[in-house]
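What follows is a group of structures, each given as C-alpha cells.
Same chain, two partners: subunit A is paired with subunit B first, then with subunit C.
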Partner chain A sequence: MARSVAVVGTGQTRHVSRRDDVNMAEMVREAALLALQDTGLGPGDVDAVVVGSAPEIFEGVNSPENWVGPAVGAAGKPMLRIHTGGTAGASAAIAAYYHVASGLFDTVLAVAYEKLSDGSAQYGLSTCCDPLWDRDFACGAPALVALQAREYMARYHPEITEEHGAMVAVKNRKNALLNPCAQLRMELTVQDVMDSAPVASPLKVLDCCPTSDGAAALVIASGSRARKLAARPAWITGVGTCTESPYVPDVDLAYPESCVRAAQHAYQMAWVYEPLKELDVAEVYEAFSFQELIWYETLGFCKPGQGGRLVESGITKLDGEFPVNPSGGVLSSNPIGASAMIRQLEAARQVMGKAGDHQVGGVRRALAHSWGGAIQFSTVTIFSNEP
Partner chain B sequence: MLEVAGGSEEPVEVVEGDLDIEYRYAYGEYYDRFYREMRDNRRIMGVACARCRCVLLPPRPYCGFCYEPVDRWVELADEGTVQTFTNVQLPFPGQPTEPPYIYAFIMLDGAAVQFPHLLGEVDPARARVGMRVKAVWAENRKGTLHDIKYFRPVENEG
Partner chain C sequence: MAEDVAVVGWAQTVHSHEMARRTDLGLAYSVVNAALDSCGLSIGDIEVVIDAGSDFLDGRGISNCVAADALGAHLKEESKVAGDGLLAAIYAYMRLRTGMFSTALVVAYGKSSQSGPSAQSRSMAEPFYTRPLGLDALAAAALQARSYTRHYGVDGSAPARVAVKNRAAGVENPHAQLRTAVSLGEVLGSREVAPPIRELEAGPVSDGACALVMTEGSVARALRARPAWLVGVGMCTDPYFLGSRDLQRCTPAAKAARSAYRQAGVFDPGRDLDLVELSEPYAYQELMLCEALGLCDEGEGADLLASGTTTRDGGLPVNVSGGVTCANPLVATGLVRLAEAAAQVTGRAGPLQVRDAKRALAHSSGGLAMQTAACAVVER
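Showing the complex of A and B:
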C-alpha cells in the first residue's frame, strides 16, 4: 500500500505573453522559490527534483534540465526530467507523487515551465506529428482541436452549438479577472467570441488559448512531513494517467478514451462515485473552448452530448454549484509545459484555502485534469482535505 | 550562430538564435510498401487485423486496438466519407499548404480508421460531415501523402 502524500507548498509566476526580464532557468527558479517559501523550506531541504517540460523545440534548448534543474536546487540530488506533451507538468507532479508514495523520498520538488516567447509554439507543435504520415497537414494545435470540435458537434447535432464553446470562453476569461497571475483577463460576451476572427473553423480567435511565458512549482511531501509543513495540506487521494494511439484518427476525438480511463482510475482510488456531487471544484485543460464541454463528459460531470446543457445551466460558473476553471483555465494562460501543473496547483490551492480572490467556498475535494500529445495523453489528479 | 541584438550602447537583453538541421526519416517496411503502392499504382493499402476484423491506417506491424501482429494487406477504395473537417484560415509555420484550405479526416470505404487529407473543389460553406469524397491523384507522384492532391466531392455533393 502506497503512503499518503500531499501538496504542501505551491508557487507560480505571472503568466504573460513575454518575459524578457528573466531567462528560462530564472523564471523556473522564481516559481520554485515561491513554492519553497510557502512551506518554509529552502532548496537544500528537498530530497529530489522532478522537472517537467514540453518539446525542447519550443525554446530550442535541448536537455533543458541541465540548466533548469540546478537552478532550482537539484545539484547533489536525484533529478528526473518528465515529458508527456501538454500533460508534462501534471506528469512531473505525479512522478514526484510516485517518489514519495514509494517510501523512498520524503520531500520532492516538482517544477514545470514554458517560455513560448523564445520560439515558435505552432511550428513546434506541428513537428510533434509523425513525419511519415500527417505532419504536413497538422497545423499546430488549432487545426487538430478544430477537427475535434467539429466531430463533437456533428455527433450530437443539434445539441452542441458554437455558442456553447463561446460560453466557456466568456466564463473562463471572466474568472481570470480575479486571478492576478492570468494573462487574458477579459469581460466578454458570447457575441464577442462569435464575431472574433476565424482561425480554423469552428474555432475563432477568442475560442483559443494565448501562448504564455510562465512556470509553476509544487512541494510534495509524505504524510508525517506534510502535517508539519502545512496547516492544510492538499492530500493527493486519486491519480490516473492513460495513453492512446499516436495516430489521431485512431482516437475518438469527441470522447477520448484516455481521459475516461484516467478519470475512472483516479475516482476509484479516491472513492469518488458521483463526480458532480462529490467533487467541489475542477480545473480542466481547455486549451480551446469546446474542449471544456468534452471534458465535462469524459470526466463524468454529465452524460455524453450534455456538455452544452451543463455550461448553459450556469452550474460551472464561479458562483455555481460546481465551478470549473475558477482560475480562468488554459484559455487565459498557456505556458504549455506548465499548464497541466497549474491545473493541479489551482486545485490544490482550492483545498488548502489559498486560491485568493477566486477561492471557492468550502472545498473538500478538487479535481485537476490535463491532455497532451495528439489528444492521446490524459491525467486526472484528485486533491482532498484529508488523506 | 548567436548575434547580439541592438547597438553597443544598448543593454544586452536578447540574443537571437537559429537552428538549421536537416533530417532524413526511414520509412520502414510498412510505410515503404504503402507509399510505393500510392506512387506506382495509385492504390491506398491498409493492413487488416484478423482479431479486430478491421483495416488500419497508417499500415504498421501491430494492431493499434489489440496489439496483435498484423501482416495482411488490403486495398482500400480511394473514396470515402468526411468524418470531420476544418476550414483553416491562418498560415501555420512549417505547413506547405497556403491558407485558406480545408483539412479533413476521411473514412475510406472499407477502413476502420480515418485518413488525414485536404478537401478540394468544394465551397467551404457547403462542406459537411458525412459528405462523400474521392481522391484526386497527383500526376507527379513521389511516395508521400501529397501523391493525392486532395479529395473532391463525388457527384451530387459539394
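Showing the complex of A and C:
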C-alpha cells in the first residue's frame, strides 16, 4: 500500500535570461535553501535528494548531479538524478514521491534546474535526434512544435486559428505580471502576437517561450511528517508518467496519447472523473502557445477540437472559473529542466494558499502537467488539500 | 505494509570492445527481449519501464528520446535515471513496493567504444577549477589509489593480485569481454597508465547492455519457483570535490551497504552474505570496497584477498563473474552486478554458480574516484 505523501515546502529562483552572479550548483542551492526555509528544515533533516535536469549538453557538465547534489546537502545521503527532457523536473519530483510512498524515506528534497545561458538551447535540443537517422534535419524545438500546431489546426479547420494561440500568449504573459519570479511579464494584445516575427510557421516569436536560467525545489514528506511540517500541505494524490515513440509517423502530435494516459493514471489515483469540475486550477507546460489548447483536450478539460473555444470563453483566465497557468506558465519562463517542477510548485502553492499575487481563491485540487522529448514524455500530478 | 519485490528475469549481452556492427539501441533491444523471454513475459505484461542512460555516452541529448521504442517504453509508465542501471533498479523497486504496479522492466546500455572513457569522464569535472587540470576517471582513481595504499601501507602488488583473481574468474563467464587469465608477473610488468595503476589493473572499454524484469511478490511466485527477492537497497554520494573527501575510505559504499544490510537483516556481512558482486573499474577499488562493505576491517582489504576468502572457492567469493576487471559496459555495469547476483541466488548462474548461494550483494559506483555508490541485496 502506498503511503500518503505531500509537498511541504517550495522554493524557486527568479527566472531570468542570464545569471552571471552564480554558477549552476550555486543557483540550484538558492532554490533548495528557499524550499527548506519554507519548511523550517535544514539540509541535514533531509533523508534523500533527487535531482532533475534536462540534456547535460546545455551546460556541458556530464553527470551534473555529482556537483549539484552535494551543493544542496546530498553528501552522505542517497541521491538520484532523473533526466527525461522537458519533463525532468516533474519526473524528479515524482521519483521523490515514490521514494516516500515506498516507505523507504520520510523527507526527500527534489531539485530541478537549467542554466541555459551556459550553452545553446536549440543546438542542445537538436542533439536529441539520432546522428545517423535524423539529426541532419533537426532544427530545435520550434520546428517540431510547428508541425504539431499545423496538424492540430488542419484537423479542426476552421475551428482553430492562429489567433487562438495568440490568446494563450496574451493571457499567460499577463498573468506573469503578478509573478515576481517570471522572466517575461508583458501586457500584450492578440495583434501584437500576430504581428511578431515568424519563427517556424505558424509559430511567431511571441508564441514561443524564452530560454531561462532558473531552479526550483520541493520538499516532499510522508503523511505524518507532512502534518508536522506544514499547516496546509499539498497532498500528492495522483501521479502519472507516460512515454511514447519519438517518431512523428508513429504518434498523434495533435492528441498525444502519452498525455492522455498519464492523465488517466493520475485521475484514477486521485478519483477525478470530471477534470474541469473537480479541479480548481491547472499549470500546464505550454512552451509554445498552441500547446496549451492541445493540453486542454488531452487532459480532458474539453473535447478534442474545442481548445480554441475554451480559451475564447475566458474560463481559463486568472479570473475565470478554471484558471490555467496563473503563474504565466512556460511562455513566461523556461529553465527547461526546472519548468516541469515549476508547474508542480505553482500547483502545490495554489493548494497551500501560498501562490502570492496570482493565488486563485478556494483551491482544493490543482493539476500540474508537463511534456518532454519529441512531444513523447508526459507527466501529470494532482495536488489536493486532503490526503 | 510494503509489497515484496523480486527479480524474475534478466539478460545481458556478451560485452565486447567496439561492437561496430551493432548500435547501442540494438544492444538495448536485444536484452529487453531476452530478459522478457527469460521469465516468459511479453512486453504487453510490463507496466513500468525504468531505464538508465547517459547523454554523453550516447552522444545524444535526452538519451531515452530516440531510445524509447528500443527500451520497450512505448505507452508505458516510463522514467529515466541518468546514471548506473543499479540506480534504475532501485527506482523500479520503490515503485513496485508501493503496490501501485506489479511488473517493471529495467534497462541499461552503453557503447563506450564510440567516445572513449576519458572524454566521458573528463566532462564530469566542473568547468572552472577541475576541468582545466584534465582530471578524468583514471587520474582521479590514481590519486585515490596512492592515497589509500600509502595510508594503510598496502603492498604495491595487492591491486595486481585482485586483477589476477578476477581475470581467472572471468575465464568461466560467457558474457565477459576478457576471458583469459593473467599471471601476477604479467600484471606487475604491464605499463603504468597512471601511477600506481597499471594497464592490467584497469577494466576494459566495453560495449554492452543489461535488462532485468522485476515484479511484486504474487507475480514473482507465479512465474518462478525460486525468484530472487530484492530485500535491501541503499544509495549514497560523497562530496564532489576530491579535496573535500576522505579518499582513503569509500564512505558512500559503506553507507549504501549499511542501509541495504539494515533492510535485509544482514548483521555480519562476512557471514550473512554468500557472495558479492562489486564494481571495480580499477583493481585497487576492490580492496577498498571490501572494507567499505564490511567484509573486513579498514585497511585489511589486502589481507582478506591474501587469505583466499574472496576467491571462487573461498568463504565469501567476490566477483566470481570476473567483475568489472573483465567487462565494463558503462551505465550497465552495476545492473550486470545485480543480474549476476540474482542468477547466483536462484541457482541459475551456470558455470559461475557458487554452491548453495542464498544471499548476495550487488554494488555499483559512479562519479570520479567512486563518489557515489548503490547497493542491493538479493536472496533466495
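Throughout what follows, the second predicted complex is superposed on the first by the 387 of 387 C-alpha atoms of A that agree within 3 Å, B and C clash if a C-alpha of one lies under 4 Å from a C-alpha of the other, contacts with A are read in each partner's own complex, and residues count from 1 in each chain.
Basically, contacts are C-beta pairs under 8 Å (C-beta built on N, C-alpha and C of every residue); 3 or more make two chains touch, one makes a residue touch a chain.
The model shown is predicted, which means the values in this text are computed figures rather than measured ones.
*Asks:* Evaluate whether subunit B and subunit C can sit on subunit A together after superposition, giving fit or clash.
*Replies:* Fit.
*Asks:* By the touch definition at the top of the document, which applies to A:P210: first (subunit B), second (subunit C), both, or neither?
*Replies:* After superposing on A, A:P210 lies clear of both subunit B and subunit C.
*Asks:* Mind working out whether A:Q122 is in touch with subunit B, subunit C, both or neither, as first, second, both or neither?
*Replies:* The answer is first: A:Q122 touches subunit B but not subunit C.
*Asks:* Looking at the overlay, does A:P233 come into contact with subunit B only (first), subunit C only (second), both, or neither?
*Replies:* neither
*Asks:* Which partner does A:D136 contact after superposing on A: first (subunit B), second (subunit C), both, neither?
*Replies:* first
*Asks:* More residues of subunit A are touched by which chain, subunit B or subunit C?
*Replies:* C
*Asks:* Determine, under the contact definition given at the top, whether A:A154 touches first (subunit B), second (subunit C), both, or neither.
*Replies:* First partner only, subunit B.
*Asks:* Applying the document's definition of touch, where does A:P256 land relative to subunit B and subunit C: first, second, both, or neither?
*Replies:* Neither subunit B nor subunit C is touched by A:P256.
*Asks:* Contacts for A:G11 in the overlay, against subunit B (first) and subunit C (second): which applies, first, second, both or neither?
*Replies:* neither
*Asks:* Put simply, what angle do subunit B and subunit C open at subunit A, by C-alpha centres, to the nearest 10°?
*Replies:* Given the fit on chain A C-alpha atoms, the answer is 70 degrees.
*Asks:* Just checking: does A:A146 make contact with subunit B only, subunit C only, both, or neither of them? Give me first, second, both or neither.
*Replies:* Only subunit B; A:A146 stays clear of subunit C.
*Asks:* Output check: A:P198 vs subunit B and subunit C. Expected answer is one of first, second, both, neither. What do you get?
*Replies:* Touch status of A:P198: first partner only.
*Asks:* State the minimum pairwise Cα distance, in Å, between subunit B and subunit C in the overlaid complexes.
*Replies:* Between subunit B and subunit C, the minimum C-alpha distance equals 5 Å.
*Asks:* So subunit A touches subunit B in one structure and subunit C in the other; where do those two contact lists coincide?
*Replies:* Common to the two interfaces on subunit A: residues 60, 126-127, 130-133, 245, 247, 250.
*Asks:* Which stretch or stretches of subunit B touch subunit A in the complex?
*Replies:* On the subunit B side, the touching residues are 13-14, 17, 19, 23, 25, 27-28, 31, 57-58, 64-65, 83-90, 92-97, 103-105, 113-118, 124, 129-130, 144-146.
*Asks:* Residues of subunit A touching subunit C in their complex?
*Replies:* Contacts found on subunit A: 1-3, 23, 25, 48, 54-58, 60-63, 65-67, 69-71, 74-85, 91, 94-95, 98-99, 101-104, 124-133, 240-247, 250, 257-258, 261, 265, 269, 372-374, 376-377.
*Asks:* Where on subunit C is subunit A touching in the complex?
*Replies:* Spelled out, the residues of subunit C in touch with subunit A are 1-2, 23, 49, 54-56, 59-66, 68-69, 73-83, 87, 90-91, 93-95, 97-100, 120-121, 123-124, 126-128, 233-240, 244, 251-252, 255-256, 259, 263, 366-368, 371-372.
*Asks:* Once bound in the complex, which stretches of subunit A touch subunit B?
*Replies:* Those residues of subunit A that touch subunit B are 20, 60, 120, 122-123, 126-127, 130-134, 136-140, 142-143, 146-148, 150-151, 154, 197-203, 245, 247-250, 253.
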